[in-house]
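In order of appearance the chains are A, B, C, D and E, and numbering begins at 1 in each one.
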Amino acid sequence: MLRFISKNAAILGVAAVACVAVVAGVNQLTAGEIAKQALEQKISSLQQVLPAGTDTSSLLSSCRLVKNSEVFGANQVPVYSTQVDGKPVYVVETVAPDGYSGNIYLLVAVGADGTVFGVRTLAHKETPGLGDKIELAKNDWILSFTGKSVHNDQDTHFAVRKDGGEFDQFAGATITPRAVVKAVKKAALYFQQQPQILLEASMCGGAQ
Amino acid sequence: MSEFLLLLVSAILVNNFVLVKFLGLCPFMGTSKKLDTALGMGLATTFVMTLASLCSYVAEQWVLIPLDLQYLRTLTFILVIAVVVQFTEMVVHKTSPALYRVLGIFLPLITTNCAVLGVALLNINANHGLIESVAYGFGGALGFSLVLVLFAAMRERLATADVPKAFQGASIGLITAGLMSLAFMGFAGLVRG
Amino acid sequence: MSQYRQIIQQGLWQNNPGLVQLLGLCPLLATSSSLTNALGLGLATMLVLAATNAVISMVRHQVPNEIRIPVFVMIIAAVVTAIEQLMHAYTFELYQSLGIFIPLIVTNCVVIGRAEAFASKNSVLASTFDGLMMGLGFCLVLATLGAVREVLGQGTLFAGAELLFGDWAKVLKITVYQSDSHLLLAILPPGAFLVLGFVIAAKNAIEARRKAKQPAAASTVQRARVTQAGS
Amino acid sequence: MSFRIAASPHHHSQAKTAVIMRTVALACIPGIAAQCYFFGVGVLVQIALAVVTAWLCEAAVLKLRGKPIQAKLSDHSALVTGVLLAVAIPAYAPWWVIVIGTAFAIIIVKQLYGGLGNNLFNPAMAAYVMLLISFPTQMTSWLPPLTLQTTPVSVSDAACTIFTGYSCSGNSLTQLRSDVDGRTMATALDTLRTAVAAKQTVSEAQTSPVFDGLGGTGWSWVNLGFLLGGLFLLQQRVIQWRIPVAVLGSMTLVALVFAMVDSDRFASPLFHWLSGGTMLAAFFIATDPVSASTTPKGRLIYGAMIGLLVVLIRNVGGYPDGWAFAVMLANLSVPLIDAYTKPRVYGQSAKRG
Amino acid sequence: MPSLFQQIQAGRIWDFHGGIHPPSRKTQTSQKPIDSYSLPARLYIPQRQHIGVAGRVLVKVGDHVLKGQALTAADNAMAVPVHAPTSGTIVDICLHPSAHPSALPEPVFVLEPDGLEQWRPRHALDMLHADKAQILQRIQQAGIAGMGGAGFPSHIKAGAAAAVDYLIINAVECEPYITADDVLMQHHSDTIVQGIEILSQLLQPKAVLIGIEDDKPAAIKAMQQAVAGKNHWFVRALPVKYPSGGEKQLIQRLTNKEVPSGRRPIDIGIVVQNVGTAFAIAQAVLEDIPLISRVVTVVGQSLSRPQNMYALLGTPVHELLSACGFEPQPSQRLIMGGPMMGFTLPDARIPVVKTTNCIIAPTHEELPVAGPELDCIRCGACTEACPVNLLPQQLLWYSKAKDHTQLQAHNLQDCIECGACAYVCPSEIPLVHYYRVAKADIRETQREALKAEQAKARFEARKERLEREKQERAERNKQLAAQRQQQLADQQKQQIAEAQARTQAATTELTHAEIVAERERKKAEARAYQAAKLAAEQDIIQSAEPTLSADDRAEQDPRKAAIAAALARAKAKKAQASGEAESTSVEAATVAAAPALGNTVEPQSSSSDDAKKAAVAAAIARAKAKKAQASGEAESTSVEAATVAAAPALGNTVEPHSSSSDDAKKAAVAAAIARAKAKKAQASGEAESTSVEAATVTAAPALGNTVEPQSSSSDDAKKAAVAAAIARAKAKKAQASGEAESTSVEAATVAAAPALGNTVEPQSCSSDDAKKAAVAAAIARAKAKKAQSASNSEAATDPTQADSEPPLADSDAVLPPVPQDEPQVVAQPEPVAANPSAEDAKKAAIAAAIARAKAKKAAQNPQEPS
């Protein structure tokens, strides 16, 4: 009886070792590739919001974590910095907290002078067919930010049309574009007014 | 406290495992022919899922991460779940034969319920802490049980409806589930964040 | 050769895992919102099925009956993890869009079901072939579902095929119709249930029509309905 | 001499299903009239479209299934489904919206389950939800009420807009919906939600002209119209009191609780009563006997559930109005409710009841 | 808060749920006097006109009968006679369409009136001196059955033994059209009151309540006047509502009490009698007029002169109709009874019977034919109308789907078929019709299911057994072969030793239980001790260890001890079974307790004639205990143990010496019945099959002892044997249908047959009853065989256990606890057959021989120990 059990246990053990070995082997094979892919993807996503030809080599290493609950929401957000035409440009993963159904995660690139280089939606829960037009895959509305600039808090043109600004709202959905515009505007003003704060911020973890 | 409440509501209604996240569909379709069966299955799943999310969290945080073995996650979790199910079966068998009679036949089925493995993986993806993990597992299981029971009651009524021949059985079951899912869309946006 | 013909028939139609056995419903519904996703997961599942069936058939004589389930599960988990890592490495974005449904192939009961029902009893070659056919049957259903949902909900086919096949595949994208308002229902969760319901009904209808045409032949086919099972 | 054989009872009251259905359709008239007046005659076009589609779909399915078409169509249930769906969608929605919706209602929600009496969900509401999530833009494009319209809409304009998207004079629907400043007008519930999202208080939001102090401008009258029709149905004993009372009661209670917690963010019960589809839902949709609970106690639970869900979805959910969702969610709970609310049968001990 | 009785006295009336208000249409006939009509040419008097059984026919074709002469005799409590409504000749006794919805032909007397109206002699009963039995007999002899519709024999209701609080007189007559009771009250209120008085005298109720709907003011007034001055007699005017006239609804309206489902009003102290019945009782008792005519409302717009008539029972309906000016329409309907619950007649020749209160001949405008049935829209109008608070729409749904579980869960059986739901249904669904079909279906399915289940159990048991036998055989063969090889040297000696060993092995199964008992001896003894105390007999019980010693001392009153023990055991088991006690204790208790009982009435009891009662008590107790156990949650092993021990105990109860006692018979019968019940309960319970097995194994030999050799001189042996046989047969049936393994059946047969065989052993040749006993035994055995062979085709094919090894057969056949020598005789059939001193004995012997031979066969397929 005991032998029976121990035999089974042995087989189980062998199977487990074999399985782990296979998995570990495949992991060895693919780990490097996965890391590389992850890196590439990160860079290419950052590149989306920057003008073509921008130097991205130092982008990731420039990453710093910034916390400002007024502007970027409750959590620390990563900010990357680079230069376009000799002027500093910041790329930030910010949050628009007042979407229709929750947070809208955005990637925003702004210059120190308030110029918006590009905006992309990273994640959102907006109503399909209404608010989800902030995705580039659904609508190119998000491109309308490119080239716009914000100068000060009272800048009324940086708003949706319904509020007298120059961004379209979607039929049947005002809340979503309004939230996005507001978040972009806040981010632009932030880097315009306090770029120095970046220098004090801590660097991103090694994972990036 | 309200945070956990929201997490629960989210897992039960807004992001219902079955109707929105498509987890645990096989038992959903398979054990919903009778209300009693559905109740038993719901109960068993709730128990196992809560426990499994706890155990998988522990395994991840205390074993896999310290040893840098995250690539073994799937393998580990499925074994953890199998052990939890087995353990549950033994404990229930010993402590409450009455409960065992209700749950016994369902317990082995739960190992292959993808909602259980799903909740473990989702917990990792969402960076849930220990209590959050357990709450999420519990909420997800409650959501599963809720729609399972509702669906079972509907199917009992459906069994006697004059459904066109080609649609009888699984087909009308899925269409009903679709309409349920449609209704559950109403909860979208109930929990923000 | 009749065994292989039987396997093909069983896998693709008579005992199709998605339509008849109702196994693996979760990925079937979750990843069929576009044809590309559907094909991606379908192919992954097919690979897993063939691989696990082969491995399990190989070790079937070595594994005692009492511990075969745990061993099978371990093998499946290992194979799935391996394939997951490969996808992660070489189809990075598809991997991201399929999310947890790749590791969840482990609990797809088609896999364990075939291991139990077929691979543990048959030769390596037959088992591999059975895995392929069952996987193909599953993949086809998945693809059908994906295609229907994508056409209805987005008006396209093969959108994002490059995620699966590489950049050359961008040319595959077909715009079926252009409109401001697609039937969003199709790509939302309820649509998944409804479309699968209709596909199953269509299969039933075809079957019924066939049976009506040749009542004698049809009655000899034994169809297994396995709806009572875990996921 | 041979005599006719029949099963007892040999006596029969004169209420008939077809008459009931017809009465329901007739009772919609005051509400529809108000809707026509405030939001244009488009609704009549929609009703016509819906009814025709409903009849065609029903006849087609019945023919496919080899069932008597004439007999089933004459129960008027398809008519009622069509009318209820048509009054629920925006009056100037494109024609294909109502056609797809009605077809969905009749074919999938009703006939796939075996037709009248077998359907688990209210066909009109399931179709409404389907349309709402499939075509959210079209489904939220209500014209502003008459008093705020800048471009008057004629009957021919209504038809033109529904079929082509532009009125006969060439205005797009968006133009028709815009106020003098060119801003698109939304319904009161929409406006309230947008305003609250922008951190305005309810009372601030209600200074907008789409509010008339009670519900939304025009909407108050539409709701009163349906209330009138509903009372008529009650008086005719076509519907029973339990469901509407439970719906409105629980709605009031829940809305009151919300308003007491934070009256800046949540509107008063009165507003809830008189805006959106409240009265239509409470008297015409929730009371659909086929998909409602059938036990007396169950009907109270069912109604209360609808009231609760509506306020919940309106106040904290993702949609401006939640009737369709609430009704569907209650529909899907019905079998369970019924199973646990069987009345105590004469002579059975209380425990088993 | 005034008590219920006070409220009733104060005139309070209640309401029931639902109900409807169809137009009453009673004025067509209610104002008119009751008319008579000329004698019909022939009367067709059905032999049975009530619920119950028909009486014995007293007359034959050609007999001349007098008015009021009984045509059938009521020899049975559920029978009431029918009488000749007038004088004349019985011209035929034949089949005739019945007054039933089906109109199936039924036997009738065809009476041709001679027109003389010649009465048989009549004797009024002197109420002052008549006793209850006499009155009841008179009521029965007068053929009175409930005249409201159901037709329940009135003497049974009126003779209720239970205490009666309220006598309710049903004069509600809630169905539209009908005014028969109305006019009866208007014109004969005094006679009715006399009838009620008779009923009161019989039932002694606290109060008499007369319920009349308030659309009959004249009747109310007449009745109020008639009962004026009577204490606790109340005439209650009830607001019109259908179906207030339903018995249960009337009770609820008048007393606010509900008759529990499946029970009768008398169970809550209420008797309801129809007002017409009261009238008939008065006539029968005071004037000796049997029930030969009744008031019938003949109404409907197809008649020119609708009215109430005194109709002789047996009058064909067309006679009544033509008397009222019937002008039939095309596809005319004729309704017997009211429009709500009555039925249409296919034929106007159908006669008026005791329950016929109305004939309606409506026009189409008057009662439109139901339109086409539409789909149910679940509007719930039926729920609002249902007087018993059912959910008719759900019942319809499940009726259509034939979902019997749900139908029962929704209490279909409580539907009174009043038709209120169908009346209000907007989709014109004939709901009641669906329910009737569903009810019939359920009855049918239940029968079918029982059959199927039995068949299935048989099949499965067989499969399982065959499988196991195959294995066992293989094993045994192996063993035997091995043994043979080893024991070549000293075969003879070895064989004997082997037989002994096997015998012992056979006991292990039983002794196992005893071992467990031993382990818990203390507990068991304590229990036994208590039982003893109750009987005030300590000594015997102390020796009540399972030694089965025959030398135990005689005691005076073993009966009480036994009963007490039995009760104690039963209670213990019940408690245990329902509780969560571990099964072992149950086991122990039972094991120990049962033999105790056995000893209690051991040998000595032979002289005591209490043995019988003891046995009975024991049996009952055991049966109960088992039932409780089976349904309880105790693990099966306990059941097993209980049975194991219980049966031998009974065996001992009437051990050898009981031969002289003539109670042995009864004991055996009781034992048998008890066992049969126990097995049934077990089989249906969740006990594992092994327990059943054990039970049977032991039970049978025990019974065998009951009628052991010595009983041959007793002339009760026969009956005992018969009873035993029947019991065994039943037990087997029960087993076969249950989940028991087939082996148990086998075992039973194996053991039972030889035991019975003993009954007719050599000594029996002198008894001339032995023959019958043998025959019975043979039959019983044959049956058992059948059951066995149905599931056991391989038994006989086992070659290893042929006659070459008789000891083995013995050891199997007579499983201890009472290992005695008799079985050996069984093994040698020849001497028995060769001993015929009497003619009967021979046959008996033959039968016995055959039986034994068969038993052998069965025995060749032995149980464990080999």
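Here is the rule we go by: a residue touches a chain if its C-beta (ideal position, glycine included) is under 8 Å from a C-beta of that chain, and two chains touch if they have at least 3 such contacts.
Predicted, not measured: the structure shown is a model, and the values here were computed from it.
**Q** Which chains make contact with chain B and with chain E at once?
**A** Output, common partners of chain B and chain E: D.
**Q** Using mean Cα positions as chain centres, tell me which chain lies farthest from chain A.
**A** Between chain A and the rest, the longest centre separation is with E.
**Q** Name the chain whose C-alpha centroid is most distant from the C-alpha centroid of chain B.
**A** Checked the centroid distances; the maximum from chain B is E.
**Q** Contact counts by the stated rule: is the higher one at A-D or A-C?
**A** Counting C-beta pairs in contact, A-C comes out ahead.
**Q** When you average C-alpha coordinates per chain, which one falls nearest the overall C-alpha average? Tell me, please.
**A** So the chain nearest the centre of the shown protein is B.
**Q** Rounded to the nearest whole Å, what is the centre-to-centre distance of chain B and chain D, using the mean of the C-alpha atoms as each centre?
**A** Chain centres of chain B and chain D, defined by C-alpha means, are spaced 34 Å apart.
**Q** What is the distance, in whole Å, between the centres of chain C and chain D, each centre taken as the mean of its C-alpha atoms?
**A** A distance of 41 Å separates the two centres.
**Q** Return the distance between the CA-based centres of chain C and chain E, expressed in whole Å.
**A** Here chain C and chain E have centroids separated by 59 Å.
**Q** Which chain C residues sit where two or more other chains touch them?
**A** 70, 74, 77-78, 81, 85, 181, 184-185, 188, 190, 194
**Q** Two-or-more-chain contact residues of chain D, please, as numbers and ranges.
**A** In chain D, the residues touching two or more other chains are 108, 115, 118, 130, 133-137, 318, 338.
**Q** Among all the chains shown, which pairs meet the touch rule set out at the top?
**A** A-B, A-C, A-D, B-C, B-D, B-E, C-D, D-E
**Q** If we count contacts the way the header does, which residues on chain D are in touch with chain E in the complex?
**A** Residue positions touching the partner: 1-13, 15-20, 71-72, 75, 77, 115-118, 240, 289-290, 292, 294-296, 299, 338, 342-349.
**Q** Quick one: in the complex, what on chain C touches chain D?
**A** By the definition above, chain C touches chain D via 180-185, 188, 190, 194.
**Q** With touch defined as at the start, can you tell me which chain B residues reach chain D in the complex?
**A** 35, 149-150, 153-154, 156-158, 161-164, 167, 172, 175-176, 179-180, 182-190
**Q** Please name which positions on chain E make contact with chain D in the complex.
**A** That would be residues 16-17, 20, 22, 176, 248, 252, 258-263, 328, 331-335, 337, 339-348, 360, 362, 367-372, 374-381, 383-384, 387-391, 393-394, 409-411, 414, 417, 419, 422-424, 426-428, 430, 432-433, 436 of chain E.
**Q** Touching residues of chain D toward chain A in the complex: what are they?
**A** 133-137, 140-141, 174, 183-184, 186, 193-194, 197-198, 318
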